[in-house]
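Quick one: the structure is below, and I'll ask about it shortly.
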């Protein structure tokens, strides 16, 4: 256990969320109990439709739970949202097409009332971080899908929220860029002590990045396994060839498969 | 404080209360033509009921309070209408404003209710707000006309229009058949049909598209006020000239929409057809027409309102001695304004129904389109 | 004093007397500041009067009496037009020579309140207006002569001073035309009179103002009858649409002069009685159902002409 | 400019068809006149005559062009009341009437667009208005405005409003509707994710409006403005009929009263040119704005 | 070398494709020379924007090359297309929203004139294959993204074209489903002797599936390495732990990285 902090940031107790649809209720989340401490890097992994996105959205107050309790920094998610505690990266880039890349990154800064100079400086810094320096003046459609995704990550990083929620941010990227961004993200996290919730489909990515891996399973969406990673905080890329790494990955895969087979019945 | 401003119908309710208070204070002055005490009592009750409703009591109570609120408003409106004498002062108008704001608050309350999907109530629910809005509007009209003693030859009251409507059903029907069935429908069918066929041709030949659309847009801008007399000269006084005006009016909106719709397929969808090596017709039937449907229906809805107006306007420039446009222009000359408004009412009902017909059909045909699935 | 006059129709020599009075300063001499507002299609001058947009209007008696019955208390204060200029004009080639030839024909008629003399006439003749072999097919004619030129109708409504001239201008000579003047058929109704709201007449100051107005207007009419060319030019100067031609307006001024000839402005009660009789005999859907009362007054003309 | 050739081709084709149609449309009159005179008329004579009738059923294109030329340039420079002699535009020229129409159209367009945008904001932000107003907005457009226009004019006159405003109000009545429809669509165009993003920033209502809803509505707004300005022109023309104080509508109508077919056609084309010009200007502004917004390439 | 066939199906010689854009020409493909034999399974891998999609589209006659020659079955791509030689799976699902899943799958069958009975039977078969049996009557928007992607694969499989071109078909799927579909695809390929062109971002996937791996590199898009896989045709999932597999994966990764570093200059 290498994680430093102990104060809990996100606390879910028997959380449930049921969508009412024409075809009847969909149990997107059921009896989810989870504590995330300050400075943790938590990955969510699980088959398509198991409620990863829904859980992240519930934390960010974009969905209302229908059962259980959820507190963020001791407040309700809604209060936390109003206190601007979150940076959120959506599953799709979702840049505003009428703004340049720079304009998109400055959007939250404008809304939160940063000074012009500060906006400029922060924008440049995060663009650098995601390797998009020089693309500030381009419009989103002038960038490839992967570049857009990176811009959306930069946008969420720009305003230094304490809690960063990322929904498959690297899905559209090729392996090389992905590796590089994984490294950057880890560095950023180590430097800033942010609490990060991270959804991914990639087992190696989850293992490489996280201090805690949450394995989920569908119908109804629930947590089947929570794995505390024993890997050190300092993680070179080749840690992925270590036995420890392979063991965790194996455990995650087994957890996933179990959830899957069960759901198939 | 948030609650006062932010809940649905809150500021209307606030306005209602203020207007009632104003009516009370002004009414204390005691002049003869103030709102009667029943009116004031009903309005005060309405304020109270609405207040109770906004406290979100249990469900049954809410229904009861809402009904009580509505009834209080209706009673106040009726009583106020009954006592009109023609010399009303500020207190009277405060009461009118109160009833109007009350209607609005009622609409806000009802609009916020989300009925269970599939229930009968869910079907009726969307009609409540516009109906209440319309009734309120008519009531304000009636009250204003009576209270201000607007001469009948300038603006008749809705009640007079209604009576005239009921008494002239036979004439209205004859006019409807002449203008709508003969002129509008035939013109609409010909115009829209031709536009769709033409769109297919234009779509096939890019040269035509690039040349015809700008020229066509230009020709479509010829105002019908000018073209209608010309069509009467060309096609005679009876319905063919009206149909021609309708055709001229609907052709280009329909053409533009259809062409745009046929072009609205995504590159990938077209590429898919290419990999199947599908022919032009196959692509048309399986891809482009379905994809164009939202646009085609958009065009049909626009044209539905244009068509009826076009036929009526055309009759202003020469007609046989029947038809809605004929009647309107003739009865204005005879100062039978109630008949004029009865015809206008028919036009509005008919136009809305025609529009509604296409909107319903659209819902069925383009159920798959995101705009039909949620707002 | 300010006076606003609402005309029944667009600016043309039909109203030449008023424009002549205006341009020659006759109104000014009476201490009046007169504004003349042209009318147009679908503007009922009665509505303008009722709405307070004008003090006095030019209207035809059928529509004024109809308005009276509808609760718009308008009163004739003067009648510059002594005769009616309305007639039915037929093409000779159709073979129509008398009203007996009408059955089975298509006739163009002006509506907007102008149809009553025609309906009354047909009622007298016993000809149904619903079409068929023994009836006539009635078209609601626009305010132009195209239906005749295009042979869409056998006969159309014309005014002696306007549309008839247009038919001639278009190249159909008078000997190819057969006309039926309403005057000759005994169904003439009074045209272009001056009307005001009844309640205003209780005010002597208003009556005085109107008296001066009528006096100046009648001077204008006399002058226009003597100087048709100049009067026509005055009309043209006041025409906002710029559509009239000099020749046609001069023609119109001359023809109108024949209708105003001999008129003092005082309403001829005999002509009034005939108008009312014609309107009451209007067939199934008469424009007025009862003998009107107080629909005219001589107080203004009496004051004006003495 | 790659459209120039197709447009030219179509225009030439239409002109050719038009010329051909002129002959049969106008020939009956020639035959009737001949019959009235009691003589025969040769076909070639008919063809030449039909091209230059005074009161044609269908005027030949060159007649319309000549009339437009005469009632603009010639009238202004040589006419008694022309701009050249009198220093003000002649009331016999289409330039003057076009200007009268244009000014009311623009005022009506501004009123209509403003009202339309406000109403759309109300509909999008207020559930009660959303539920109740839209059906009545549709109903309002099914009322034949030509019947209402004279009454509106009379009523406004009676409360002392006259001149350009009544016409502009009728123009606004016709032009507000497309704007409402387009703006409601546009203000609701942001997708769920774009709205959610704003929510995670806990952005204020004003921020959501100015930074999200307004930008997404721009393409819709411009599409509606083009329809709206054309509708505004029609409204102005309708409003001019009962007012009779100049304008292309008056020109159309008086042309019809005095049987001046060619004048009608000239006014008709003047109106269409005006409409095309106005739509073109809106289109230009649209392209500029959208390009600056990066929406259009 | 375990590949059976020898007759060449796709032959590209010095192929080039330049897009003319406002900013000047974009060299999407340059000097691409490649032979694909009958029955081969060829994967294309390379960084975002390197021209993988463009190459696949050129083969399918959706883009016209601006240089070099390209023949398919000895014909021009256009002739091959008219002979209905291709099944194409696009990067996004691209189902027609007004048709049910079944209707979408039957679409190519209708166009190619299959009988009603045959349509029904084939539709059922491919739905089974992609594990969507029972969803025939649903509309696309009622399915999750992964399911839509599978439906679009089923649509391409329904009409048994000889050449199957697939552009990142499994991008939106989670690891487990992906593994399963990989297996299915391999089985199908082994059974039918189809020639398959397959774009992916995942190195393990490329190695697991292919008989030939084409590594590409951007600006201008070109081929930097062609790796013939020595793996046997019969491939259980755990072949991915074999040394041979790891070696190939390594070579691919090196090839990718090389192309990347070069482009970064």
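Points worth noting:
In this document, chain identifiers A, B, C, D and E correspond to the written order of the chains, with residue numbering beginning at 1 in each.
FYI, a residue touches a chain if its C-beta (ideal position, glycine included) is under 8 Å from a C-beta of that chain, and two chains touch if they have at least 3 such contacts.
Note that the coordinates shown come from a computational prediction; the quantities given were computed from them, not determined experimentally.
Counting hops only between chains that touch, chain B reaches chain E in a minimum of 1. Farthest from chain E, judged by the mean position of CA atoms in each chain, is C.
Among all pairs of chains, B-D has the largest number of C-beta pairs in contact.
Once the centre of each chain is set as its mean CA position, chain A and chain B turn out to be 48 Å apart. Distance between chain B and chain C, defined via averaged C-alpha coordinates, is recorded as 40 Å.
If you average the CA atoms of chain A and of chain D, the two centres end up 54 Å from each other. Remark: chain C and chain E have CA centroids separated by 86 Å (rounded to whole angstrom).
Listed for chain A are no residues, as none touches two or more other chains. Those residues of chain C in touch with two or more other chains are numbered 41-42, 44, 47, 50-51, 142, 144, 146, 150.
Residues of chain D in contact with at least two other chains: 57, 146-147, 150-151, 154-155, 158, 241, 253, 256.
Here the touching chains pair up as A-D, A-E, B-C, B-D, B-E, C-D. Interface residues of chain D, counted against chain C in their complex, comprise 28-29, 32-33, 35-36, 54-55, 57, 81, 90-93, 96-97, 146-147, 149-151, 153-155, 157-158, 241-246, 250-251, 253-260, 263.
Remark: chain D residues 2-3, 5-11, 14, 25, 57-58, 126-128, 130-136, 138-139, 141-148, 150-151, 154-155, 158, 188, 230, 233-234, 237-238, 241, 248-249, 252-253, 256, 261, 264, 267-269, 271-273, 275-276, 279 touch chain B in the complex.
Considering their complex, residues 46-49, 144-147, 171-177, 201-203, 253, 256-257, 260 of chain A touch chain E.
Listed in rising order, the residues of chain B touching chain D in the complex are 8-9, 12, 104, 107-108, 110-112, 126, 128-130, 132-134, 137, 154-155, 207-212, 214-215, 217-219, 221-227, 229-230, 233-234, 305, 308-309, 312-313, 316-317, 324-325, 328-329, 332, 337, 340, 343-344, 347-348, 350-352, 355, 375.
Chain D contributes residues 193-194, 196-204, 207, 211-212, 215-216, 218, 293-295 to its touches with chain A in the complex.
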